[in-house]
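In the part that follows, the structures are each spelled out as structure tokens.
Across the two complexes that follow, chain A remains constant while its partner is chain B and subsequently chain C.
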Partner chain A sequence: MKPAPTLSSAFLQPPGQTLPAALLALRQQRGTALADLPLPTRKTENWKYSSKYLKLTDEIAATLPVSGTPAAAAPGYCAVLRNGVLVSDASNLPAVAGIRVRRFSELSDDEAATLAQRLDGTLDRQAVQLAGLNSARFEDGLLITLEPEAVLDQPLFIIHETGAESSGSAFPRIYVDAARHSKATIVEEYTSSGTAVAMTNTVTEFTLGDGASITSVRLAMEEQNVQHLGATGVRLLDNARFESHCVGFGGPLRRHDLQVRLEGPGAECKLNGVVVTQGKQHYDNHTTIEHIAPHCNSEETYRNIAAGESHAVFNGRIHIHQDAQKSNADMNNKNLLLNNGAEIDTKPELEIYADDVKCAHGATIGQLDETSLFYLVSRGIGRRDANVLLTMAFINELVDQIPVEAVKETAQARLSDFFDQTFQEA
Partner chain B sequence: MLSIKNLHASVEGKEILKGINLEIKAGEVHAIMGPNGSGKSTLSQVLAGNEAFEVTEGEVTLNGDNLLELETEERAREGIFLAFQYPVEIPGVSNLQFLRTAVNAMRKHKGEPEMNAAEFMKLAREVSKQVDLDPAFLKRGVNEGFSGGEKKRNEIMQALLLQPKLAILDETDSGLDIDALKVVSDGVNALRSADRAILMVTHYQRLLNHIVPDHVHVLAGGKIIKSGGRELALELEERGYGWLGIKDEVAAQ
Partner chain C sequence: MATTDKEVKELIKREYEHGFVTEIESDTFEPGLNEDVIRRLSEIKQEPEFMLEWRLKAYRRWLEMEEPEWAHVDFPKVDYNSISYYSAPKKKEDMPQSLDEVDPELLKTYEKLGIPLHERAKLAGVAVDAVFDSVSVATTFKEPLEKAGVIFCPISEAVQKYPELVKKYLGSVVPAGDNYFAALNSAVFSDGSFVYIPKGVRCPMELSTYFRINAANTGQFERTLIVAEEGSYVSYLEGCTAPMRDENQLHAAVVELVALDDAQIKYSTVQNWYPGDENGKGGIYNFVTKRGACIGKNSKISWTQVETGSAITWKYPSCVLRGENSVGEFYSVALTHNYQQADTGTKMIHLGKNTRSTIISKGISAGRSSNAYRGLVKFGPGAEGARNFTQCDSLLIGDRCGAHTFPYIESKNKSAIVEHEATTSKVSDEQMFLCRQRGIDPEQAVSMIVNGFCKEVFKELPMEFAVEAGKLLEVSLEGSVG
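Presenting the complex of A and B:
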């Protein structure tokens, strides 16, 4: 038997050296650990359906250069990152008491040492292995700190632009440290420019102190020349609350691991996700909720719509630890197949070690309802519009819940493009 | 206006309609009565274009044009409207969005400008009052969680908005309380005009006190076995279907 292929050494070449020493050391250590990492295959449990989409060719091993003007902009507070590095001129960082948004490269040695100890702390590195490549490669990063009680008065938009004018990868890295009772809404939009083969390998982490509240909105909408390998890790202490809204558009490879650790009693998370794929696109969401402390709530609602010959994957793991009595976990995944050639794989994974818990889960895969379709067209509505109405209906509830109006509009506009392409005029 | 000749239709290989003949002229109101399972809804659905039913024989013309050749949405745009016996619940599509899309599809077909959200809202509010539905229903999902009577009023509201040439009402009177029956009948009567026709399927002659039909037909076993005037409905109410030589399911209920 020939040995499984490992990550090419081209991916482990040393990146730029502009960071404080502690972060350089961390990066180096992570790189060493990845040296012999076997690449996922069909037999790798958490890459079973997606390994065939992953194309880690040497072509994309180089770090994409920071130069070039970002096309993206956002209203209000925004941090524009081009290929993982903040572009100050294009950004409008909040000037709010108790809130700081800084580049890793501008941290003092002491601050960098503290951060180096905490990076990856929200993630199960074993489970996100490959996305963990980011920890060996980030050029710079953004550290967002909220002091106790600090409240960000408007959402902060983080625009991640992968500039694929040449081939390579971007490694954006975000760390949000929300101290007790602080509050913020953070929007991350992943976009791309250029047409060369490229990858976004991104990691965002949130730590929430007692009673902190973070709302995260994540839009993955890079173009079709860009693979996306991403992970988000969240750690919540007592009574903290994390709400996330992910909207994903298919691509050559789209992978997002979302891991939430409910570590303090009374913590809660609400995770919403919408994915649409068409053509030969792919999207894979792997979510994990760790119920570690008692009296925590989790609520998860994901919807996939797959058209053409596309492939959507949802894997939802809920792990209720032995001490997590009175846990309340509710996971729901519904899937809509628009064509026979499309594929959706969904798998709830429940591991429950506490006895006094409430845990509900449901997963369905269906097609558009003929009776509903007939009802709509019998009122003179064209087939195409009827299809769009019914397909939208499948996700409307989740799109409506996106708490930032500007993002909701962006998502809706993109979704309507998706429907235009999916349902051609008859 | 509508001419049905020797119409046969089946579902899943089973013949339900076995040679229907019916002529409906503009301005007329026809009532169809008949036992459960006799094919009344099948006839309604076939006319509206439900592809679950296969037409195996016969012809249907609307103002001289072959209706059976048209897609469901084209039939609607040509003026066919079916108020469903069991209106469909569509969560996630708001009633308002549904109604506006339908009205604009019709307007587009007629070469009229589409209505914007504000214009439509004004119209929809007026019409919802006409059928005594709280405008709050406009915001809810299509028929989602509506009571039986609310669903029926929503069907009539759609008819009023779409102004069909031929309105087919499949048991729109079933499950209505006395006040709602009045509201629905008033709605239907508001639709009556010299250039429109109405085909009502009903089990109850009480509806016919409010909407007086020109013709009454008895559909049994997939055929129209008797036709008459308004007095036929009264006779059926009194005597059931037994005297016509068929199984008397309705009277037995």
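Presenting the complex of A and C:
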């Protein structure tokens, strides 16, 4: 057997040195750990279906430059990051008591040391090794702190723009520290400009103190020249609540690992996800919910639609630890396969070590229901419109739940474009 | 369920009743594995050249393979060189021609197991091809089978008598290099059953093989091959017990089923090999490859299994649904107690048009055991109109056990429909309260609830097996409540 190819050393070139010492040291250490990391193959369990899409060529190893004007903007509070670095001119950071949004590079040495200790703390680094490349490469980052009882009155938009005017990668890094009883809605939009081959390698972490409540919305909408390798880690203490809405559009490689740890009794999470792929696109969602404390609830609903020759993957894992009695966990994954060339793979896993729990999962794969189509067509609706209507209905339940109106509209507009392209026909 | 208190108490006290060792002289190889061992094995069995070549090829493949580690089980590594690869009861001149000639010691063993061979054969109309260690010592009811044209014999005999059939089908479903344990089995398989049902024949009786692991340190490597020709039907029963031993014993069997046009094979297993004691000491390692190929149109393969034994179980009876309209079924009850670990499930590979499959899996974990369902449902691009329904339920008894579900679902055909459901629950306080309130003691109540939980699977078993299976669960669950 020939040895598996490893991560090219080009990816481990030291990035810029503008950060406080503690963070530089952390980056260094993570980089060392990644040296000789074998790249995933079909035999790597959590890359089984996606390894063939991953193209970590030296071409994209360089860090994309920060220069250039971001195209994107958002209403209300917004933080615009271009290639991982905050562009202050384009941003409108919230001025609310108890809430601070700062760049990692602005932190004092003490604060940076504390942060360095906490970074990656929400993630199972073994499971997200590749996304963890971010920890070795982030150029800067955004630390969002919510003091106890602080409430963000409007959603904060974080616009991640990967500027692919030249080849390379962007490494955006966000850390949200929500203290006791704080509350916020955070929207992350991933976009791209330029046409060169590029990658977004992003990590976002949330820690929620007692009773804190965070709603996260994540839109992955980069163009077809950009690979996306992302991870989100969440830690919840007593009675905290995390709600996530992910909408993903396919691309050359799209990978998102979402890991939630319910560490305090009474914590709960709700994870919604919609993925659409067409052409030769790919999308892979891996979610993990760790029930560590008793009396926690989790609810997960993911829907995939694959058209053309695309490939959508879902892997959801619920892990109930031994002391997590009285856990409730519910996972549901439904998939729509629109064409014969497309492929959907799903793996809803349960790993349970406590007996007094209620856990269930369901998964289906199928096509649009012929009788429903017939019903619509027989009432004078064109076949194409009927297809669009039924496909939209398949995911609308989830899109409708997105709590931020502006995002919901963006998502709906993008989705309807997608369906237009998918159902182009006579 | 009119069990009295006394009976329950006896039940609780009962140890693994099949744990005894029969003293018979064994003709056993020195532990170790190399090409010479395989040559000797093949020579003893007087195998034709092609068989030896096949074994050696498999052995060379095996040497290059790595032991898989993906299963959700944890056990000390097996030292393949500390195992003896052949053990046969001492022959008297020739192989016995009829039951009368069989070593009375052996017959007594079966009696202790509750399978008086001839009686059972007569009463139940079952022909038993009993495997004691590695050589088949007795085969009954050959005559009526021969009349129907059915071949039911030890595979070592088939290799000599029907080399063409063996050559054609052996390894056609599970190739020698399929996986680590299948390769090992292909290299050193000792014996097993061969069944051939000719065209249009409905096998006149249920065929059954009782396996029994005896002499210590002897790995058993059964090889079973069942071929059902066009329009034929066969029901095959497999049941297992093993003596109580402290050292772990390896068991790596391969079962291959081939169903041609309109043929049906029903394969039922009750497995209660020694699971180790309550401290997790001893017990059998059971690493089995079972696979059926529905090659022909409208063919059907149905697996039913009740697994209560073995320290480690690693077993995925599968169906490759190649023929149009072919059907695959998998019904399973897997119970683990004490320190048992099971990673079991099925694979349904849909390749042909309008193929259908059903998976019903019931996992029960008690004590400190771990019980995982791992399954694959796959629709190839040609699986037009294919359909699968999967239901995996887990029941936890006690707060130190684990129940896991790892289903893989892959679809490349839009008209294929798959539905998968899984639930995990425990014997609820409400259920217990209801039973207790009606004067049913806890042990019995649990047994009743568990039996209800498994009913869907038990009803698929042949009658004799269904009764045995219910009883087996009861015994296996002893001491799990209160």
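By our rule, the second predicted complex is superposed on the first by the 425 of 426 C-alpha atoms of A that agree within 3 Å, B and C clash if a C-alpha of one lies under 4 Å from a C-alpha of the other, contacts with A are read in each partner's own complex, and residues count from 1 in each chain.
By definition in this document, contacts are C-beta pairs under 8 Å (C-beta built on N, C-alpha and C of every residue); 3 or more make two chains touch, one makes a residue touch a chain.
Because the structure is predicted, anything quoted here is derived from the model rather than measured.
In this superposed model built on chain A, chain B and chain C occupy separate space and fit side by side.
By the touch criterion stated above, A:E59 is placed in contact with neither chain B nor chain C. By the touch criterion defined above, A:D124 reaches neither chain B nor chain C. Counted by residues of chain A touched, the larger count belongs to C, out of chain B and chain C. Once the two complexes are laid over each other on the shared chain, residue contacts for A:Q325 go to chain C alone; chain B is not touched. In the superposition on chain A, contact is made by A:T346 with chain C only, not with chain B. With both structures placed on the common chain, the touch criterion links A:G362 to chain C but leaves chain B unconnected.
By the touch criterion stated above, A:E223 is placed in contact with neither chain B nor chain C. By the touch criterion stated above, A:E147 is placed in contact with neither chain B nor chain C. By the document's definition of touching, neither partner reaches A:E165: not chain B, not chain C.
The gap separating chain B from chain C in the superposed three-chain model is 14 Å, by closest C-alpha atoms. Annotation: chain A has no residue touching chain B in one complex and chain C in the other.
Remark: chain B residues 48-52, 71-73, 75-77, 81-82, 84, 87-88, 90-93, 97-98, 101-102, 105-106, 109, 141-142, 158, 162 touch chain A in the complex.
Those residues of chain A lying in contact with chain B across their complex are 370-372, 374-383, 385-386, 389-390, 392-397. Chain contact summary for the complex, chain C toward chain A: residues 70, 379, 381, 394, 396-426. Residues 45, 49, 322, 325, 335, 337-367 of chain A touch chain C in their complex.
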